[in-house]
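Just so it is clear, A, B, C and D label the chains in written order, and each chain counts residues from 1 on its own.
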Amino acid sequence: MTTPLYVKYSSIRDRTLSLIEPLIDEDCCVQSMPGTSPVKWHLGHASWFFEKFVLQHYEKPFTPFHPAFLMMFSSYNKSGQTHPDPKRGLFTRPSLSLTREYRNNVNERMEQVLKRSEEDEMLRMLAVLGMHHEQQHQELMLADVKHLLSQSPLNPSYNSQPLLDSPVPPPLEWCRFDGGLVEIGYKGDEFSYDNESPRHKQYLQPYQLASRLVTNREYLEFMKAGGYDNPGVWLSEGWDWMKANRRSHPLYWRESDQGWEEFTLSGAMPLDLNLPVIHVSFYEADAFGRWAGARLPTEAEWENAASQQEIEGCFADNNRFHPSSAGGSTPSANTGGLAQLYGDAWEWTQSSYSPYPGYNPAKPNENEPMSFVWDEAVGEYNSRSMVNQYVLRGGSCAIPKERIRASFRNFFPADTCWQFSGIRLARDLRDS
Amino acid sequence: MTTPLYVKYSSIRDRTLSLIEPLIDEDCCVQSMPGTSPVKWHLGHASWFFEKFVLQHYEKPFTPFHPAFLMMFSSYNKSGQTHPDPKRGLFTRPSLSLTREYRNNVNERMEQVLKRSEEDEMLRMLAVLGMHHEQQHQELMLADVKHLLSQSPLNPSYNSQPLLDSPVPPPLEWCRFDGGLVEIGYKGDEFSYDNESPRHKQYLQPYQLASRLVTNREYLEFMKAGGYDNPGVWLSEGWDWMKANRRSHPLYWRESDQGWEEFTLSGAMPLDLNLPVIHVSFYEADAFGRWAGARLPTEAEWENAASQQEIEGCFADNNRFHPSSAGGSTPSANTGGLAQLYGDAWEWTQSSYSPYPGYNPAKPNENEPMSFVWDEAVGEYNSRSMVNQYVLRGGSCAIPKERIRASFRNFFPADTCWQFSGIRLARDLRDS
Amino acid sequence: MTTPLYVKYSSIRDRTLSLIEPLIDEDCCVQSMPGTSPVKWHLGHASWFFEKFVLQHYEKPFTPFHPAFLMMFSSYNKSGQTHPDPKRGLFTRPSLSLTREYRNNVNERMEQVLKRSEEDEMLRMLAVLGMHHEQQHQELMLADVKHLLSQSPLNPSYNSQPLLDSPVPPPLEWCRFDGGLVEIGYKGDEFSYDNESPRHKQYLQPYQLASRLVTNREYLEFMKAGGYDNPGVWLSEGWDWMKANRRSHPLYWRESDQGWEEFTLSGAMPLDLNLPVIHVSFYEADAFGRWAGARLPTEAEWENAASQQEIEGCFADNNRFHPSSAGGSTPSANTGGLAQLYGDAWEWTQSSYSPYPGYNPAKPNENEPMSFVWDEAVGEYNSRSMVNQYVLRGGSCAIPKERIRASFRNFFPADTCWQFSGIRLARDLRDS
Amino acid sequence: MTTPLYVKYSSIRDRTLSLIEPLIDEDCCVQSMPGTSPVKWHLGHASWFFEKFVLQHYEKPFTPFHPAFLMMFSSYNKSGQTHPDPKRGLFTRPSLSLTREYRNNVNERMEQVLKRSEEDEMLRMLAVLGMHHEQQHQELMLADVKHLLSQSPLNPSYNSQPLLDSPVPPPLEWCRFDGGLVEIGYKGDEFSYDNESPRHKQYLQPYQLASRLVTNREYLEFMKAGGYDNPGVWLSEGWDWMKANRRSHPLYWRESDQGWEEFTLSGAMPLDLNLPVIHVSFYEADAFGRWAGARLPTEAEWENAASQQEIEGCFADNNRFHPSSAGGSTPSANTGGLAQLYGDAWEWTQSSYSPYPGYNPAKPNENEPMSFVWDEAVGEYNSRSMVNQYVLRGGSCAIPKERIRASFRNFFPADTCWQFSGIRLARDLRDS
């Protein structure tokens, strides 16, 4: 017997609230930079998605909680685009408590609709889409909160999961993959985003992937070797970005009298050299790769390798939100085993975010009015983002295991640092 | 028998807290633009002033509430300058509640110190300075909160003092002043800021001042006559500012289906045409003046006229925070009587903010260590601001009557709109 | 008997000078926007390339024309990066005439070196590289001069090649390509850039390409249909770019009382509706494609189709610098023939500029000192540009036919308009 | 017998051309920063003034040289404001040679008009205004050319007037002035600008002025004493400007292996410690003053002192364009003599640029059509600039002696460095 959709819905919605438990109202209100959103906005927006794309069509009569919320929590700005409104952080009203009421109200109405019409296929599809949408915002909330808390000289802690004593990871080995004519893209009949389709053929040269992620220790070596002063290993645009933003280390690293520290969701901690480096930009990942005589993988290389392995890693389910060392657990490179593929850090690829061959955003159909709703709801994600962004693969320590799949395509601009992004190296076979 | 200093201190400190009663924690945390500060910062900063300049020197042993607060709530940034830190609004921690604890703690310690050493002259001077400092921040808090609340599409209301039905003000008349060799600057033995001294002679041509402030009705006429499209009446820099910021009306005016509205601390209200126009920049005030065939007064003209009158007006004591119409109460222009001199709006003058002749910031004296403290405490205000700012005189509806005096010099950059600033016209005698 | 290298060298160098004949000294000095360079800089830089990479190593003793020129005309800025120096346009000295002397001097020295050591393979390679480099700058010079002259209200004309009366082009047809496992990349033993290698396999879905470029007439229809007001057809980033830059038509279009005009190298001309649209950004090309129910081709699709055709088109050899209409000459679509593949406009592809699989910038070899020189000379082009740029294929009316080959990869950021860039549509087979 | 106006006109116009003799066409075309204008624009603009305000009204029939020039060389931009168009430097056409033809053409037409109607008072006034206007642009041209040439690494020299060996100036002495009720403003019946009127009374406290300008040696002491690292001596806004622009010395100073150099119109020269410091901003002048325990004078203090002295100094007539040392020639301070009042450097005052009491821009008169022309011609200067600018007095080494008068008010924004601006200190009497 399958779990009723409403039960699954509630469980995801509840997790969102559990994630904000450690926060005070003020933490939920502020936007710390243009690319982030306040937690309160995430909360309202995830509810807005259900109100806009489900309730507006399945609730009879449709009774919005507050007319203004349809606009304030929309991801569309006035000109109909989906980029974030830099003013989101200026709305101290509605209060967090009213925003929570909004969530409760939407939940009650969703429960009624879902119980009444669960067999409606489009309704199910939209509800499931909204649930995945909410889970994505759960991760974004954590990344945004981390950035916000890092601003205060008080070094506040989101939760106080102590960093575990990490074992030294094994030496990096190169796992070989034959390539040839392979297939990538989503295969299955569970949920996936439209950008993962269609599954299609790609021809790959033989290649190698590193058996584990780059560690803080290795990244520190890059820094000590003058990596941030060596234009030869940087993309021109990366060099400019790095100089203009005065970067000389990963986003949350700080030098103190006691040596390097890292700001984490558990506050400022001594830098654990055994853990994977995270919060690096595409530029930094690429520069590290050149310096190391390697490169970033393409997303096809990554997916081809990853789809041959089990999903295991360090997921948000442990409430830890920090990657774990690959220590001890590294699969043998001889067998092509790759550690830390999932659940530690999103892994930058060298692939720009573009449509798969044959990709066609679902065309709305005049005879099916709800197909327009679906089109708009899906479009909230992927449509129109396909320029000047780079694909990350895997999945970070800030997402639950159930969100993981080999075909998932995350994407961010090349200067993005505040996501849980790390580095796995690749190289051509001939370089071995 | 005079009131003990601590009683006065407590009353001012209490008023600050009463001013934030209508606000939720989130309102107190956010900074809505670089020039403003979050309410929480104002609260902490006003306490910091006492901790830094009084307790640090008179409390034995000095026990700071939290070492980091001495930095976070300082008006000095890292490079020792006093301009606001644009990151103030990113500090969600300390929480508002901890910041209130900080206030209580400072109050208890101040009570002990004041009770013990009230006769110490320098202690009294510093404490009184801090009290005036706190009162200035009370007004700033109101202006900053108004700007913040105006950002929300929900049109939140700070308090709900209804706008009264305002009588039509009498026609504007011109009050004549002879000028000649006059004296301006603070005269008396109560508290005043160092920028009001020394009292000194100035020679004035005969001049005229408008009997009341410019009304919303008159400003609307300027707009309807194409004021914002007529480069001939604008300062070049003002025109550029206006075009670059797409201004076409005072800051909080909004056009709706029902006509002009104005966002107030009581939310959005129909524009009351009888009230003085407020929230105009120096550029707008100057342009209105040229359009009207007049000009802004100099600060000497203003003070010379004002010092001949009683102090009366519409003060914050009424908890209304909106100017009142001059209706009915206008003194006869024949007697030189000027309505709305105080307590309605700060009045832009054409005078740039510069030192009075003979002004000399108190020179610290090696033999009096506390003179350095005084110097630094006073410097918090005026020193180093004397460029590219313009003087406003009078006092707005957002300050208590007791803060009013004819010699008080307020000052802001020419593009400032979010202060309670209005317009009184002047002209040369020959123009009559 | 082959032509001696010096003869070829001279011919290319002479063409550069013939291109500036219509210009006055002032035209050659000014930089009209950060992305462009003054003609004088192009002239000096092309000579610098030979002095730096050839003469410095083959002239004995090396006698630089002017020590400062090695820095001023370098494409490397102080930090060793290759992005243009926005101050290039501020150097009125050296004068154009001294810069021409510099060219003559370099030519004389090159002649000696080439005549003496023509059999040296590395010398030949470096000289040939410099000659291709110079040809690329010839096109850049024309694009930069066009942008510069377009700034003057006098509508100056670079040369006065009248626009010919263009025949109406035939209807756009779709040419079908089977795809499958194909090979792209340079194949041959003439000169090519390292980014065209290695030749490698790609798997392509069946696809269709438009038989000709999009015309001004078709683009005008897009505009009239509200294309610039319809966020649904724009990439989010493209919409923002377009609104921020207030674009509502291609770069050099202007609306006049007589209808649309286009600024050309022959001055302002009535818009010829039969010609291909040029000077559109990637964003505009992509938006037009969505609006038209199509998409941009990938570079592999383009190259696979183009490599099956002869090279013919409207080249700079005619001194016209404006694309020609496909009128009449369109190959039959049945045979897969594609008109205007070369010599009219660079064609935006949807492919971001990234390394080919197996691409490895020539690794310098300790045992071959000159391999480091080669590495640096080649690096002048491609290394470190591979992020946030998009590939254009084909070749414009501003380059000579001899520079054309199917594997050539041009690349520019998505907001680039001042290059001679146009649109060829593609679509999946199933969309037919 | 007085010199005919046309003779005077020709002599001033000729001097402009003689000033550009050392320049090549390219030098005359480029705009090196937004606040400057290309020499070619200055040339065209000075002619435009005569064509627009004289010929358009006195030439029958009016035959403009080129219709577009009336717009391109206007100081009014499209919105009718007078701030400079940052695109001026992009107009390579009209060429310099056509612009010179324009000058010749205007001169011929002016000669006819002036000879025919010299007795027309308004014509004379307008022509004289245009001649003063041209002289002001002569100085601006020199300042702008200096800034432009300073950009080239070749250190080009405008002319090669060697710096003379400067004698050590005498120690700075303080000259005492009684103040009291004084008069300032233009008195006389020669030409003056409207901002110098009306002559009016001001009351001054007793004050002291330094007997000479601050020298490079003294300014270097300020730098060595950490002046640029000491926030206590800077205006807040000045500190921000200085840090944001990374200033640590006057504009044209450069540190070399041989010590400090200064870029001059004769190229880079060793810094002459005996000469007055020039090219400092208001912020730097003010900071130096605080550091030295003094202040800048007010413009009334300056004019009151200066009007008691003869006009002598180091003027442009010597073709040297660099101030001279006060060495030897300092008048005795006992007699109140002030060296270097004129002809060395413009002297920053602490006075913001504002209208004199009773100032009234000439009101055009309906019955005198030409009064509107006068109004517009005069307005080219002063109207609408009276905010956020500071007055400089005296006159620099870049202007001819005949332009000097004690009442002349120059004015620039506080961050201006590229004018020939220096520092004379003042202090209150009690500080002596």
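Worth a mention:
Everything below uses one rule, namely that contacts are C-beta pairs under 8 Å (C-beta built on N, C-alpha and C of every residue); 3 or more make two chains touch, one makes a residue touch a chain.
Since the structure is predicted, the reported quantities are computational estimates derived from the model, not experimental observations.
Taking each chain's centre as the mean of its C-alpha atoms, chain A lies 37 Å from chain C. The distance from the centre of chain C to the centre of chain D, each centre being the mean of the chain's C-alpha atoms, comes to 47 Å.
Annotation for chain C: no residues touch 2 or more other chains.
In terms of which chains touch, the assembly is arranged as a closed ring, every chain touching its two neighbours and no others. By the definition of touch given earlier, these chain pairs are in contact: A-B, A-C, B-D, C-D. Those residues of chain A that touch chain C in the shared complex are 79-83, 181, 200-205, 231-232, 234-240, 243, 282-283, 286, 295, 298, 350-352, 354-355, 357-358, 360, 384-388, 390, 414, 428, 430-431. Chain contact summary for the complex, chain A toward chain B: residues 24-30, 32, 40, 68, 71-72, 87, 89-96, 148-149, 151-154, 156.
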